[in-house]
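For reference, the structure I am asking about is given below.
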Amino acid sequence: MLKIENLNVSYGDTQVIWDVNIDVADGEVVTLLGPNGAGKTTLMKTICGLVAPKSGKITFMGEDLLKINPWDRPKKGVVLIPEGRKLFGKMTVEENLEIAAWKEEGKKETMEWIYETLPKLAERRKQLAGTLSGGEQQMCAIARGIMAQPKMLMLDEPSLGLAPIIVEQVFDLIQKLQERGITVFFVEQFVEQSLKIAARGYLLEGGRIVLQEDSKSMLNNDYVRQVYLGIA
Amino acid sequence: MAEKILMVDNISKRFGGLQATDKVSFDVRAGEILGIIGPNGAGKSTLFNLITGFYPIDEGTITYHGERIDGLTPDQICHKGITRTFQVAKPFPGLTIADNILVACLPKADKVSDARAKVDEILKIVSLDKKAGSLGADLTTLERKRLELGKALATNPEILLLDEVMTGLKPKEMDDMMELIKELKKTKTIVIVEHVMRVIMNISDRIIVLDHGQKIAEGLPREIAENPLVIEAYLGRGAKHA
Amino acid sequence: MKQNKSLLILAILTVALLAVYFLPLVIFAKHILILTLFYAFLGTGWNLMCGYAGRLSLGHAAFAAVGAYTSIFLFKEFNLTPWLGMFVGGGLAVLVMLLIAYPSFRFGLKGPYFTLASIAVAEIVHNLLIYGRDFTGGSLGLSLPYVPTSLAMFQFDGKELYYLVILAFWLLAVFLTIKMERTRYYLEAIREDEDAAAALGISVNKNLIAAACISAFLVAVGGTFYGQYFRYIDPYSIAGFSLSLNMALVVVIGGSGTIFGPTIGAFVLIPLTEILRMSLGSQYPGLHLFLYGILLVVCIIYLPKGIASLPGIIRARNDKKARQLDQGSEGVL
Amino acid sequence: MEMLLQIIASGLLLGGIYALLSVGLNLIFGVIKIVNLAHGDFLMMGMYATFFLFTLKDINPYVSVLIIFPAFVLVGVLIFRFIIKPLLGKAETEVNTIIATAGLGFVLQNLALMLWKSDFRAIETNLTGKSYEFAGIMLSAGRTWAFVICIAIALILYYILMKTKVGTHIRAVSQDTDAATLMGINVNRIYTLTFAAGIALVGAAGAIITPTFYVYPTVGLYFNTMAFIIVVLGGLGSFTGALIGGLLIGLVESFAGVMASSELAQVFSLLIFLFILFVKPEGIMGKGARV
Amino acid sequence: MKKIVSVVLLVVFMMVAIVGCEKQPAADGDKANKEIKIHVGVVEPISGAQAALGQAEYDGIQMAIEMINEKGGVMGKYPITFDFADSQSDPATGASEAERLITSKGVPVIMGSYSSAIAASISEVAERNKVVLWEMSGAADDLLQKGYSWTFRNEANASAWGAESVEFIMGNDAQIQEKLGKSAKDLVVAIVHEDGPYGTAVADGNAATAKKYGLNVAVNEAYSSKSVDLSSVIMKVKAANPDVLLLTSYVNDGIMFNRQAKELGFKVPIMITHSGGHSVQAFVDGVGADANYMLTVDPVPCNPNKDGFSEEYAAIFDEFVKRWTDKFGVPPYHHVEYRQFAQTMLFFNEIVPAAIEASGEFTAQSVADAIRAADVPAENSLCGFGAKFSTPEEPWVDPWLGNKHTGQNFKARAFINQYFDGTLVTVWPENLAKEEAVLFLPASHPLSANK
């Protein structure tokens, strides 16, 4: 579904992504792991067009994504839920959801599904998004992404700054997305939990993919265990 | 036991509805490395912001060498001898690396030329001597971290507060950084907020654990690693089954 | 830029500008030179706060007005020499600056908000100058009593001495800027990132207020010079928006936050406006300002960092070319 | 008592004019976050357009809005594309847009001077000099209509911004450009649209005030400061705020003018402006308030 | 960094090349060469806020020079040439440009300059360079109170205009008694003026003269002519319910005052305006029929009874009206273009010939001497009054405010003109009056409180 080939990204003179190759298959849940600053967010932003790459190729369902305007990519089915949520704080929850719904078809049904799955949001639909609690904001952000009816949903650190109980809910939600047939590609710092719900994982360090394995082998990988799980 | 040079007593901070720091107390002893860990959002950076005067504290006191420093401005606290780095490195993007360091040297230098003389030395310590002429905006993550550390060192602090200096580094780079920190320990007291367990366990003399703004544990690295409360808070639910 | 290098450039420029003094220039050329140096001087003052510290003020005319009105008032009423009145005016301007700068920095007023506040302050000063006509002459302004050439009274018949005076003022202002190396670094750091600067032990408010006060003082001194040179001041010319804007234009076009940017900007813009007006102004009203406006827009689009950045851009372009040549066939990007 | 009511009525009507002038600016300042120093000069252009449409083609100023609005949209699109857009997204954006729009102001003022000379021009419509009387209180006809139209524009804008898709998109862009892009919104298009709409609104404002006013090339200068004051007072991007800000300033000037001196009226409003800026920089209606 | 030096130096030398290294023109003229060249400088604002009237003034000056040159020039043999500069409505620019004309073009005389503020700044330049400023419209009193010896003003100072309107009212005591049932000195007066130098000076004249006669000045209000709203001023005046409104404004605010006064239902029995904004075509265009019966005080008689002029000047007057009407399609408005025309005429027809006859040359000194020696009879000036100028040694003390003026034509006076059918006609003093003054606004006028 998503195919990234030899991607290089620079900010000014500084290269942050080096020859990255990634494949995500239809319906798969894939996680991108790596320390802060490894370039995960940059990679996500590049796929969505917020950052232009220096070289390389990104294809989505056979189409060259780099030839498509950033704002048109959601219509192709690629939607990112950015780090820090970036909700429109001065709009209501419902408006936040509405804004992402670029197509009428299936909109109502999607919204119903969201309110059903996330009853908290339904309660707060008329409330300004900026006044929600952190967990609710994250749910709202994910819900907003779902409203675009993506084929592939990307999440950048959805658990950032959330209480463990909320983090659990987020992971539950991701699993529900998969059940809905949405491909999920997400960045996380909770390595273990991420690998539990993802089929495969990529490990990005210093802008390079240093490891790509299925979740099970990754969990058992010495390096991962030592560096990311703190298990000697 | 070494002298307690910094004492944080029962400090709290509220942002709107969020209790970011909740009655936290600890002390820092001369010459040690104190590690602070906790999941994202646990209030580690807020703690640094409170100690260094970026946010006023709601309640509690902070005492440094027997003197209250809560209520002082960040620059005054820096002059007392406590310098912090930022989690998201804050280079001065429009200035060259050398000037970045120079700016940091200046407040404690009598003459500009004195400060200038120190720049090369610090650039070498943080291995940025080859990049001296680049702009702050044009650095890689690692270089930013190094610059952040270099700037903090340039202020010649007694206590150095390091906020996630390891994040974004490769294992080899982490090792280098750890060596550097151990080297610094010879002359400075260090408080370090860190994510990477391997690092924190390795270099800390003592560790405190924060979760949801509260201190949930304090002790030697070994004790912390075995504390189930910590494992749950830090590694999440999954860790229990691991 | 290293301090010695800057001092060397300043010395060369000063010698060159002194040499111009001995050229057989027509008086109007001298007048343009005086105006140019006047704006270079004002710009250098403006630059301290607005360029280095990045707080864009479009109300600095207020300080020029305070300087000019104070020194002329003291001269007229108490026969106090403007050489001293200048300092009184500067002091008052600093007070006015403190009135706005302290709350602005205290409440973290930044960006366009600060700019708008500065415009408001200048408007208030402008209106008060008109309203207080018993002291300020209202909108007719104040004229200096006529005194023949007198060094003591800062009044000269020819252009030459004014030229030397403003050259000296400019020299001192640039020299001061160069010598304020430490503060300049602090201000730049504050402009780039206030928190990071504070964490390094730099007092943000203290430095900002110091820069603002020096800036106001210099511009006020410029106001006194203006009054002595034209021997006439009125609210429209000296407290009007156009003077504030011109100060900013000179610096931004020249290169803000650089030592010689204001000077370069003044030497490009002021002769240009004068020559444009001289050659077009009387036949086609408005055409010269129309062209001037277009020039500003074009200049800002193509040289967003000002003329002072031009050498850097050229160097970067050459470097890039050189690199591409090095890479040879690899240079596909 | 009648005097007091008259002061209030006149102040409110003046405030309506002020609010009307600042609507377009509010949009531009609120969404693109740039200071358009040429704002008043676009007003001047709108007034000239109205003047000529009235004197040459006998088109009523209120009707001429229908011509001026689309024409100014076009002008706005071109200016955004060729002058504003190249300046956006850089460290110097804030300063440089100010300088560039100042340059644009020079261009417009002097273009008007070259094309139409510097004469004061005023038109007389059937509203000029007329007023409606209410219990001894005189309401200027032209200003009353301007007031009504201002409210109408504010309501329409409110509706567009709150209830339509494009309005939601504009609000989204004003809050977070990156997030808006991720939601499939073309930020550049919204910017162009906003800028063009802002210019067109000020052009339309020019048409609406022409019956009670007069035009000459530098007429915009005075309005500039006023418009910015009102936008900031009311809170960026808040149209109800702009309306309230305008009315407040109108009242202040009316009262100060009668009680103290009309020369000091502006000083009073500027002082209030500074005060609000210092203590509540987000404006009277800012922060959390709805658009 | 060399580049910084080179940029600055390059510009300096370019400038030197463009304007610099011409030869200094001989400002005082070569005395050995007796060829007389009459070359003057003209400074008017033709761009910026005051451009509207500045342009009209410039047109008036040009027409006078054109007419003289057609007859061979001054004394029929010395054609006039001039250099023009735009002051951009800015006093500092005016001063710069005057200086350029003086030093680069060598003009011994500057004519102009529209506003009192610009006149004030140019008079400084003239004084320093010892060049004559023949000021034709800057009316503020302060202008000539500095003891300058090179600035001359042919017109009445602004406070004299203000005095004239009050004198005019006092002169109509009987009519007032009859209509309002009270004596003129019991009238309640409101003074409203724009806060520029000119409006302030006129209002000072109003107030001083009103005080002299013991009138009750209920309101004396200044406002900025740039203001977009005059309703508070009008409300204030309306509350005072005056018998007389003395108004001084420019064109834009004059139009606005009229409109807003109507809107706010302000009515007054007697209204006298003081030139500036009320005596020009743009005002009539702006207010239409409301202009009719408005009284204005002007420094020149508008469409006067030509019997007051000598035959020669009556002919010049007719010629001017004809030419202007042919050229611009509308009759000349007297307050602006006629004023400038009349004074330019006076200068080249009366002053300059005297200078040349006395000294055989056209220099600043000879012109200044001729001005000081001049005693032009009223019939030889289209301004309607003679010319005799005060000197620094013998300044003229005005009887209203008691200030000393040097270089002021103390024979100058102001005139009362009134609009009839959109045309301004002299109604006072009687020797130049063409119509009888209508003191009370007729009931048909929207601002009239009369029945």
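Chains: A, B, C, D and E, in written order; residue numbering restarts at 1 for each.
Definition applied: contacts are C-beta pairs under 8 Å (C-beta built on N, C-alpha and C of every residue); 3 or more make two chains touch, one makes a residue touch a chain.
For clarity, every value in this text was computed on a predicted model and none was experimentally measured.
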Fewest hops from subunit A to subunit E - one hop per pair of touching chains: 2
Contacts common to subunit D and subunit E (chain labels): C
Pair joined by more contacting C-beta pairs (B-C or C-D): C-D
Maximum centroid distance from subunit A, chain identifier (CA atoms): E
Per Cα centroids, the chain farthest from subunit D: B
Centroid spacing, where centroids are CA-atom means, of subunit A and subunit D in whole angstrom: 42
Centroid spacing, where centroids are CA-atom means, of subunit B and subunit D in whole angstrom: 50
Subunit B-subunit E separation of Cα centroids, rounded to whole Å: 75
Averaged-CA centre spacing for the pair subunit E and subunit C, given as whole angstrom: 36
Residues of subunit C whose C-beta touches two or more other chains: 127, 130-131, 285-286, 289
Residue list for subunit A, restricted to those that touch at least two other chains: none
Per-residue multi-chain contacts in subunit B, two or more chains: 93-94
Residue ranges of subunit E in contact with subunit C within the complex: 1, 3-5, 7-9, 11-12, 14-16, 18-22, 24, 46-47, 51, 55, 83-86, 88, 90-93, 95-97, 99-100, 103-104, 116-117, 120-121, 123-124, 127-128, 140, 142, 146-148, 195-197, 200, 224
Subunit D partner contacts - residues on subunit A that touch it in the complex: 48-50, 69-75, 79-82, 86-91, 95, 98-100, 102, 128, 130-131, 144, 148
Subunit C - residues contacting subunit B, complex: 3, 181-182, 185-186, 188-189, 191-193, 195-204
Complex interface listing, subunit B residues touching subunit A: 17-18, 39-41, 134-135, 137-143, 145, 164, 166-171, 173, 195-198, 201, 212, 225, 232-233, 235-239, 242
Residues of subunit C touching subunit D in the complex: 56, 58, 100, 103-104, 107, 109, 111-113, 115-117, 119-121, 123-124, 127-128, 130-131, 241, 245, 248-249, 252-253, 256, 284-287, 289-290, 292-297, 300-301, 304-305
